[in-house]
Amino acid sequence: MNFASDNSGPAHEQIIAAIAAANAGFSPSYGAEDAMSELRAHMRALFEAPAASIHLVATGTAANALALATLAQPWQTIYCTPLAHINCDECQAPEFYTGGSKLTLVGTDDKMTPDALDRAISAAGHGNVHVAQPGPVSLTQVTEMGRLYTLDELQALSGVAAAHGLPVHLDGARFANALVALGCSPAEMTWKAGIDAVSFGGTKNGCIGVEAVIFFNPEAAWEFELRRKRAAHLFSKHRFLSAQMGAYLADDLWLTSARAANAHGARLAQGLGALPDCHFLAEPQANMIFATLPRAAHQRLHAAGARYHLNGGPLETGPEDEPLPMRLVCDWSIEDSEIDRFIGIAQG
Amino acid sequence: MNFASDNSGPAHEQIIAAIAAANAGFSPSYGAEDAMSELRAHMRALFEAPAASIHLVATGTAANALALATLAQPWQTIYCTPLAHINCDECQAPEFYTGGSKLTLVGTDDKMTPDALDRAISAAGHGNVHVAQPGPVSLTQVTEMGRLYTLDELQALSGVAAAHGLPVHLDGARFANALVALGCSPAEMTWKAGIDAVSFGGTKNGCIGVEAVIFFNPEAAWEFELRRKRAAHLFSKHRFLSAQMGAYLADDLWLTSARAANAHGARLAQGLGALPDCHFLAEPQANMIFATLPRAAHQRLHAAGARYHLNGGPLETGPEDEPLPMRLVCDWSIEDSEIDRFIGIAQG
Amino acid sequence: MNFASDNSGPAHEQIIAAIAAANAGFSPSYGAEDAMSELRAHMRALFEAPAASIHLVATGTAANALALATLAQPWQTIYCTPLAHINCDECQAPEFYTGGSKLTLVGTDDKMTPDALDRAISAAGHGNVHVAQPGPVSLTQVTEMGRLYTLDELQALSGVAAAHGLPVHLDGARFANALVALGCSPAEMTWKAGIDAVSFGGTKNGCIGVEAVIFFNPEAAWEFELRRKRAAHLFSKHRFLSAQMGAYLADDLWLTSARAANAHGARLAQGLGALPDCHFLAEPQANMIFATLPRAAHQRLHAAGARYHLNGGPLETGPEDEPLPMRLVCDWSIEDSEIDRFIGIAQG
Amino acid sequence: MNFASDNSGPAHEQIIAAIAAANAGFSPSYGAEDAMSELRAHMRALFEAPAASIHLVATGTAANALALATLAQPWQTIYCTPLAHINCDECQAPEFYTGGSKLTLVGTDDKMTPDALDRAISAAGHGNVHVAQPGPVSLTQVTEMGRLYTLDELQALSGVAAAHGLPVHLDGARFANALVALGCSPAEMTWKAGIDAVSFGGTKNGCIGVEAVIFFNPEAAWEFELRRKRAAHLFSKHRFLSAQMGAYLADDLWLTSARAANAHGARLAQGLGALPDCHFLAEPQANMIFATLPRAAHQRLHAAGARYHLNGGPLETGPEDEPLPMRLVCDWSIEDSEIDRFIGIAQG
């Protein structure tokens, strides 16, 4: 019963197999392998973006921080939500990589509205040398609370950014989960919705460690390459990154895997939703669930070995019926029986 | 006939197998996996350093730059040779990670002498607020020209550093190649020789992408952890780093592999040394050879598909007997027949 | 009728005279002049801190950013209020100088409470490598809304910081205004209240451009010297900084000047307070007033040439009786007749 | 007998008077004063550059580091000589302000040749992601050894830079001394010679502390403004900078002062040149002299209270006739009698 994170789960067998297959003899280093050229062509076709620049790194934080550093100037501020991964979970990697950009927090949770974004940008004092200058907008899809921006919402937010002349970055650590939930195309969820750069996640959806950074305006490509190298994120044996991403996109593995994770999430949500004592903190739309359960239920679950983030506490002492919040993440690999067992124990 | 680099070769089967084996079900993220604890204990025993702090990253540049950033202050200068990887091949990753440290180049090639180091440090103006302050000394073992520092040389250099109160970093991208060439213990080549921090390479010796950073003074550990995280070099699925390093050190794979690479280097050096037109630019002591061959020999080798760094040129035009310099690197996986074929073609 | 800022006013004649007097023949550069030694001794006596380290810079932002960079690590977050000068008015100088520290905003206005500070620090995840680590607390005295922390409030806030092992910085751009308002000693408002480092302002209180940075723990001194030099804030003709600060502190000029500014503030507050249409946004406690006046009053004042920050608008159109917020700052040099004229016009 | 530095001397009376005159009542802050507009117009006319952007800072290091940070990217290297002030005397301010640029040292002393510059740039590996990318060229005029680049030399060097697409910065801490020595116009020594940005010194030639940064391409202006502000180098009471620079340029004070300093230098050089034991280390062309004198002469001079940089030693012990190198700088204010006395004592 492991719902700790989708980075706790295993990689797909196809990913492991692709790594083994890539391990044949000598190969050019640093991204010059043929597989990278093929991958680049594949991803451009997938995104209907023949000129896009495509780069691979091994961690989602690297993808986010390097993409934002390429889009932002050090004296600018980046717009994101208070719960954004770049604000809460990256130990100031964006501040480090940008050379001291600020993050301006928009809204109060995991999603921002166009109005709130417009107010924040308008308040920033563009052209006033004393204050942080407006910089890129960074949106997360799936959000950190497991929710989605609709295509219309993305369009409206990028419209605000464009009206202020600002680029938009999409943190797509769970890009595939969002895509299959929305049922749209990669192009529709990105450049057709006004997105300029994407962190396209693989790690959380069954890879070992690979993320693509995509710029739809290829002018950023060379700067990104230099930033990646001096950040030590350019792999010499790069073939093992392109092999992962190639296998991830082959035969729709990425979509199949995301559908599995989302289906697990839906099953878990349905089961929990039927419990009278369970209250959702955000509408479950992909593979993450934020909800409360009474302390007694948490105690039973922990006793049974369930793993997940308990966001309040203490677990051990307090009223049995006090609701305590939790985060549950469904990896693609979790088994239905585990989900059902979790629900059963939660039910008591 | 690929002598381009030891990062062009494949990984060992045991490394691939270890990755596959590590891919079993759920595992704690970010280095909390049991395999990391076991690895830490193993490496401490190996280095006879029970208190050492051990950290894994995926690239050699990350190991070097993060280790140096932990040892140096932004207003200090790092002492290295003009040919040091940190000076020539990392696109200023050390300057980036340290926040603007300078590199002071000691000597004229790939090795520094204690006298030259002492002069450089003494000239630096310690305590003069207008100039760069003395900072860490960074030595490379095997050097970038394929040579070795003897234990006495290491001791003498670290003695100079210690006399000035400066720490010593060892860039050990080819640590194993140096160790088997010297026939000493890991402790003897590091802390017993006055080394404070080591970039312990795995990638160039048969791993996919893993390097350990070792601090013999564990006070640096927490700062390094924070620096690694905000640099986006902390892997969520860290188990695939510890699995590689675990397999690398198991059953002496690292030593066997390095002995193979060095033996290939010796075979190649012996063959080339017998050619009247071949002149070594540095004494071959491990798996890298710097030498000249006449243009005609290079033309024959290129026509036959040999891959290596030609450090002069042009290849196509000029006197047939003009000596042109080259770098040849022997991967652990290169076959003797390839070496012999290379020598045969070079001979004409 | 200039209430724009206390950096719009002139310097005292004594400051100009001191500069002229310091301009006699040759003098050692970079702070080695005798006047700096004398100043250092004077300030140590003034603060009853014989070991304090004292440094001069020319701008308040330099004092703040360099002091904070000395106290903070790049992976830490600095606690301040949303209205803090370091957050709103320095174009991210703290982020730049610290190498990417974050600012965590405590409270909702210009003052923080011990409870809010404690909650913010406790929430920060000390020891969790994924998040910003707790760093220095920065308080502003006089605050950006013209209010004061009492000595008890300072003590309580520094107590919270100390309980978490964090240092406290005081942005004293208007240090003298606060001191005379509280009627306490420099020591009482700083180290006796738990403050570790002070930006001690001179510029806003009648100097040309000079601020002192004071560390009560002299261990920070050498690092600060190096940070100041590489930031290009060490003056070669430093005698013109020490001359200003020397004259500022001589004959209680700094206190006399601050008393004058505060008395002007009180006169203005009294006059405005008597107007039925004026509403204070913060209790005036020093030389700054935040209040509203009806649009019609602002229109009259602007027509008459009054200068001050109108923080809303538009001035020209809208209901005549709509209250619009303003900031009024009383320089030491403003004349009572100007104040009275302002009140008269505001009254209509 | 003070030849320590031209930053040890006093300011002109006109500079002091201008500061006093600027101290009249209220004035807009942060460079919005009328005097700055007038100065901007004056300097544009002086440089025959109607579109140039003009900015003031208080220190030469700030001028250099901020100008270079505006011209360079963090992954680039700046070309300068080993003796350049930016390399030797600024505690890595350029590395700090650029965010980690490297300095590539061209030549062996205080001047670079076009050939050496071309070789250095050509060797840099433009387009190779592993190495520092070519960035701006920084020339110093007067050089750190008191020599000059002729206009032809400047032209040839900037031609090399232009051929590689690189901008050229001129460190003109002693701009006026060079200008009067060459007898050319400001335009001839700058943009007509291919210079893109200038640090135009005032401090060393009789100001208190003011330097102008000039960009002939005004596109850099806004970025520079932001960099200056976040570096804390934007003065609130900016009128005291524009007053200094205004007085410096009025009535040819800057040229008169530089001519005086150079004449002092020539008188000193002539006197020393007549001594059989004095040997020049560089041809004296402005107000700085690098030469050797026997130890006994230094001993006499020190006993008589002469102040200057003795670049070797020890002074006290060793052969009386051993030549020891020194640097002598003639301030505009030094008196001929002091020069003659120095020569007399040196003569013995």
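To keep things simple, chains are lettered A, B, C and D as they appear, and every chain counts its residues starting from 1.
Keep this in mind: a residue touches a chain if its C-beta (ideal position, glycine included) is under 8 Å from a C-beta of that chain, and two chains touch if they have at least 3 such contacts.
A quick note: this is a predicted structure, and the numbers were derived from the prediction, not measured.
> Listed by label, which chains are in contact with chain B and with chain C?
A, D
> Which chain pair is joined by more contacting C-beta pairs, C-D or A-D?
Between the chain pairs A-D and C-D, C-D carries more contacts.
> From chain A, which chain is the farthest off, judged by mean CA positions?
Farthest by centroid: D.
> Using mean CA coordinates as chain centres, what's the gap between chain C and chain D in Å?
Each chain reduced to its C-alpha mean, chain C and chain D end up 34 Å apart.
> Provide the C-alpha centroid distance between chain B and chain D, rounded to the nearest whole angstrom.
Centre separation, chain B to chain D: 42 Å.
> Taking each chain's centre as the mean position of its Cα atoms, how many Å separate chain A from chain D?
51
> What are the residue numbers in chain D that touch two or more other chains?
In chain D, 74-75, 90-92, 96, 99-100, 129-130, 226, 229-230, 234 touch at least two other chains.
> How about chain C: which of its residues touch chain D in the complex?
Interface residues on the chain C side: 2, 4-5, 7-11, 16, 19-20, 23-29, 57-62, 65-66, 90-93, 96-97, 203-204, 208-209, 226, 229-237, 240, 307, 331, 333.
> State the interface residues of chain D toward chain B in the complex, per the touch definition above.
That would be residues 74-75, 77, 88-92, 95-96, 98-103, 129-132 of chain D.
> In the complex of these two chains, what residues of chain B are touching chain C?
The contact residues of chain B facing chain C are 30, 73-75, 99-100, 129-130, 133, 223, 225-227, 229-230, 234.
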